[in-house]
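You will see two complexes here that share subunit A, one where it goes with subunit B and one where it goes with subunit C.
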Partner chain A sequence: MGMRKVAVVGAGMTKFVRRAQETAKELTWEAAHMALDSCEMTMDDIEAVCFGTAPDAFDGVHLNGEYVSDGAGAWRKPYMRSYVGGGTGVFVPIQGWYHIASGLFDVVMVVAEEKMSSYYPHAQAAFLTIFDHTTERPLKPNLLWIFAMEMNRYMTTYGLTKADIAQVAVQHKRNAANHPCALLGDANITLDDILKSEVLAWPVQRFDVSPVSDGAVAVILAAEHVAKRITDKPVWIEGVGWHLDTTFWTNRDLAYPRYVEYAARMAYDMAGIKEPRKQINIAEPYDPFDYKALHHLEGLQLADRGKAAELYSDGTASLTGNMPICPSGGLLGVGNPIAAAGLMKIAELFWQLRGEAGARQVPGQPLHGLAQAWGDLMQVGTVVIMGR
Partner chain B sequence: MHERVAIVGIGCTGFRSITPEQSYKEMVYEAAMRAYNDAGVDPRRDVDSFVTVAEDFHEGTSIFDEYTPDQIGGALRSVHTITGDGLHGIATAYMLIRTGQFDVVAVEGHSKASNIKTLPEVTAYAQDPILNRPLKFNSHFIAGLEMNSYLFESGSTPEQCAAVVVKNRFNALKNPAAAYGADLTIEEVLAGPILSWPLGQRETAEHADGAIVMVLAAEEKASSLSDKPIWILGAGWSNDSPSLEYRDWSHAIYSEVAARIAYRQAGINNPLEAVDIAEVDDIYAYKELQAIEALGFCREGEAGILTTEGFTSADSGLPVNVSGGSLGMGNLLDANGLARAYEIVLQLRGEAGLRQVEDVNIGLAQSWRGVPTTSGAVLILAN
Partner chain C sequence: MTAKIKEFPGISLSEQDFADGKILFNFDKLNGIYAWDTGVGIGSYLASLKNGVILGSRCNTCRKIVVPPRVVCEQCYRPMDEYVPLQDTGTVNTFSLCYVTWDVKRITDPQIPAVIEIDGASPLHGIMHMLGEVDPQAVKIGMRVKAVWKPAEERQGSVNDILYFKPIEED
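Take a look at the complex of A and B:
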């Protein structure tokens, strides 16, 4: 028997903002409601709910998934929350996929939410608790320092300059100017703006980093026979992949994300994609930092090692290029409410592949798109390939 | 797509009230090695995907999935974590295999409750931070309210709840892995201190440490890996309202919905006739009675009578919690459901030793995630 096909049939997202007035539950329900409306469904049509949010520490609520469950529409329904840190946003749709592909369900709602502003004064402090309590926490590691280390390693290994990497921030923030939900879109931003922004932990400067944000995204998944009844333009989930590396991140090769490569290979195999650079028409790699987008493009086999920046300088990555990268504006432009930011990339592919992305629509009727997220202790890669 | 999925390997370590000589990683490693040896698989070669169940606040680490791969052989492999009970983990592995993309999947859950210095405060942090937390409810207080409501609505009595404790802790005496076996009388249970009337301390499961790992496989693999594959006939899970204000306080509707889903998959119309043995949640003694009713084994108000009549004892009509349940084995936090399923697998394989029940072909495991959740799961297994 072949595999059950699963399609995305609806999507909704809230604005990504610095500090939402709504509670986590309200944000979640807002996105869920928009997704239901987008495909003219109600909660009665939804058989199960999958929910994603990163650490409970942001909300300070134990069993946070249980607390938010009614906001996600899970009242008297099968409900599960999965998490793989920052990779969660692209993992929840995978969770929704296996709910349907297993044959147990036909219609599943997938919701991802993050409210980072509850953490006072800054969500950064919550990240201290992701580190090993004995060997690392006493050193009070700050994520910016850790990523400064990784960025430096990446630049040194391949001889890249700050300007090579800053092109990513420029392009993503410009793309985001066309996204109605974006927090940091700016059509006129220049390379100079990035390079002259405040240094946080060299080589990381303020505009190299995505902002802390609040927001929620939801998508509706359906089995083939249901999807074809609901819409003329289902967008199929063609391949999924995820890989989690060892906990001992200090032994890891910081210049190359092998866990992303393995996740991508898993997804390409499933989708039957033999030549990703030719077959993937839109890529939404995870870009919490500008260098991370490059790092991930290399892991995804969409660029040779150390060469991803060339996709930006030769125009391949632009909205009208051969393989537009982060037409949404990515995390750097739209914002980074962690789990929601990953699912935003899935929603973007849904809109782009249906030709509904408005001012940021890429030309040429793209066939296949790829979304990827990354997280934990520089440890996990999650990949979804979607196609018409 | 793989239609049929079986449990082909199980391993556990524990269960004890404290384990100062072992870290959670060491416990999980031990359980994993036992499960892989039981199934005859090499995790680095034969296991296609790994599912773990964990909650950040139980572990004291944010995004705890970071710390799960190494001890189960999952480094640089497809691993993910569910914030659910162990039965949610098994249901996830079941779904993964049914997609046809995976042949063998491992599930892990553990408890290191003795590491948590402030467990009551941590559990209370699961309450609504705006509406409930300012009232400073202890979790047992909420359970006491629920018990009172259940007794009132169903006509059950505190003595019937105490009978559950007597039965389960006596059963635990025959389970070498159980931490809290005891030979008590109903009077002794009722004479214990009250936590939140009518809920007494002796009707509340003490915590224990331990780890459980299971290996699931698709039909073609299962038959070659195991002489006694235990088949999954149905898996259901559901939530009710998380709100204390709007939920149904007397009925475990989440378990009713979960059971309905699982029975439908298994083609079971009359659970009492079909199911030979059950392991249900008994973190609090009254929850066992509530679960037996929600699972459709009897009508509301009858579970207590059946218990005092001995119908749910190990050698009777429907043996419930022959393992000792959580009251006898200890509350294992996120691994409770795995412990329930573990006993069903042993019984269906005929490997339950002194407490083996005769002629068992279909078993049911049910779990609840504790106060203040309304999250339940049901798994139906057959040999």
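Take a look at the complex of A and C:
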């Protein structure tokens, strides 16, 4: 297709915390300069910056991309912020990818940041404007409704139990115990802990949900000829895909994320992945809620419909299984600073595929990994496939 | 690389640090007041609700009947052909028992938001509304429900002209 190969050559991130002392700009700077240091680059080497952050409402700052730009290293550079809700963290590296694949730039820095704690009393309320102002908001909805209803439809359609789904939270939070940046890692958490946590909006309970967090992540992308000069272990972006479904979410099949399927098919085609269940060695599906990881694995064609929970019960999804899922700990374990959480998954694949993930390292020298995020009004899927 | 890095940046604060005045902060309230005109499609929907009718719209190309009605079929990307009055009955597609209000207050009697597939619309086409006059533990997906309307003289052309949907017995 005449597109150039693009590699990830460096990555950095801050801790994910419930409330950071650092501002959005400061968090962004910390992650960005760590990513630069990791591949021995400076801002002089960076030709353009792609920035991702979720709704301006969290920060109470209009044009938040421009506001944070000094922390993101954007001064006097081509700079663009992308925003597709929760899908942003995996869309912003796609934006960086086409900056380079097109031949426009050779080296691009991709940064994603979220500072959710500024919103009072709780960032949940900043999401309320995703509901239609005329047909839905007069019902006084809260954000949990939409997830609770989708989860219920998913469970009921396939006859799944709460315990089937809670396995996801257990495993991700246990994995996160080995992530130095994690907010909710817990090596000893049990199924009972999840099932006995406070019921917020049945079937959603407290531990089914990822935490509000502050944090930032950055990666450096380079064209092939530059990447090979910088490192012996470039990790290639082999396929990208994104797709949108209707904003009329009550006119949609809530049990199956068709938009994730189409995004995945676009990425698999580009990457030449014919049999994803055999060829994808690590999957980092988006997991802001435990059922969402399952929902997404099915959309990604990594499990049959209604069968993703079996990957957890039969051990396939574990760190030493055939297809480890969210070895990072995911959003449920590491935390969910929206845009940064998606990019954390890209950073995780970078470290895993290079064999640098420390205690979380997946054995067997994995070849291909997949990261996925999802957002807007539960309607956008973004997918990146990486390999070495 | 994560294996090589010992210390990651990021300083964690707690709510107590704010209460104790250990850190400086600036508190402010933003003012956002809007008057959204309802537009053509949703305007027709609301005007119809005022008359006690749930309105959909039909596309003759894909033959879908959607609800709420809109002026363009997003699938065919052509104008919708006509408005269609639907029934005020339907089937619970999904629901939640919610113990937290929109402003994160805990409540003991749950709110019951639901997606209700409206009779007369295409399969899986519904609206979000509330369920009422029902034991929360008895609500099931697939349950048949009917709208409970405000008295005609109190209706304002709003989704709240329907108070909630309640279960119905059918033969």
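Annotations for the structure displayed:
Here, the second predicted complex is superposed on the first by the 386 of 388 C-alpha atoms of A that agree within 3 Å, B and C clash if a C-alpha of one lies under 4 Å from a C-alpha of the other, contacts with A are read in each partner's own complex, and residues count from 1 in each chain.
Throughout what follows, a contact is a pair of C-beta atoms (placed from the backbone, for glycine too) under 8 Å apart; a residue touches a chain by one contact, two chains touch by 3 or more.
As the structure is a prediction and not an experimental result, all values here were calculated from the model.
In the superposition on chain A, A:M149 makes contact with subunit C only, not with subunit B.
Once the two complexes are overlaid on the shared chain, A:T246 sits against subunit B and subunit C alike.
Of the two partner chains, subunit B and subunit C are each touched by A:H133. Once the two complexes are overlaid on the shared chain, A:G60 sits against subunit B and subunit C alike. In the superposed model, A:L27 makes contact with subunit C only, not with subunit B.
When the two complexes are overlaid on their common chain A, residue A:Y259 makes contact with subunit B while staying clear of subunit C.
Where the contact sets of subunit A with subunit B and with subunit C meet, they give residues 60, 133, 246, 248. Contact residues of subunit B toward subunit A in the complex are 1, 3, 55-57, 60-63, 65-70, 74-84, 88, 91-92, 94-96, 98-101, 122-123, 125-126, 128-130, 235-243, 253-254, 257-258, 261, 265, 369, 372-375. Every residue of subunit A that touches subunit C in the complex is listed here, in rising order: 10-11, 13-22, 27, 30-31, 34, 38, 60, 120-122, 124-125, 128, 133-136, 138-142, 144-145, 148-150, 152-153, 156, 179-181, 199-204, 214-215, 246, 248, 250-254, 350-351, 354, 356-361.
Residues 1-4, 23, 54-57, 59-70, 74-85, 91, 95, 97-99, 101-104, 126-127, 129-130, 132-133, 241-248, 258-259, 262-263, 266, 270, 375-377, 379-380 of subunit A touch subunit B in their complex.
Every residue of subunit C that touches subunit A in the complex is listed here, in rising order: 1-5, 8-15, 23, 27-28, 30, 34, 36, 38, 42, 45-46, 66-68, 70, 74, 93-104, 110, 113-115, 124-130, 141, 158-160.
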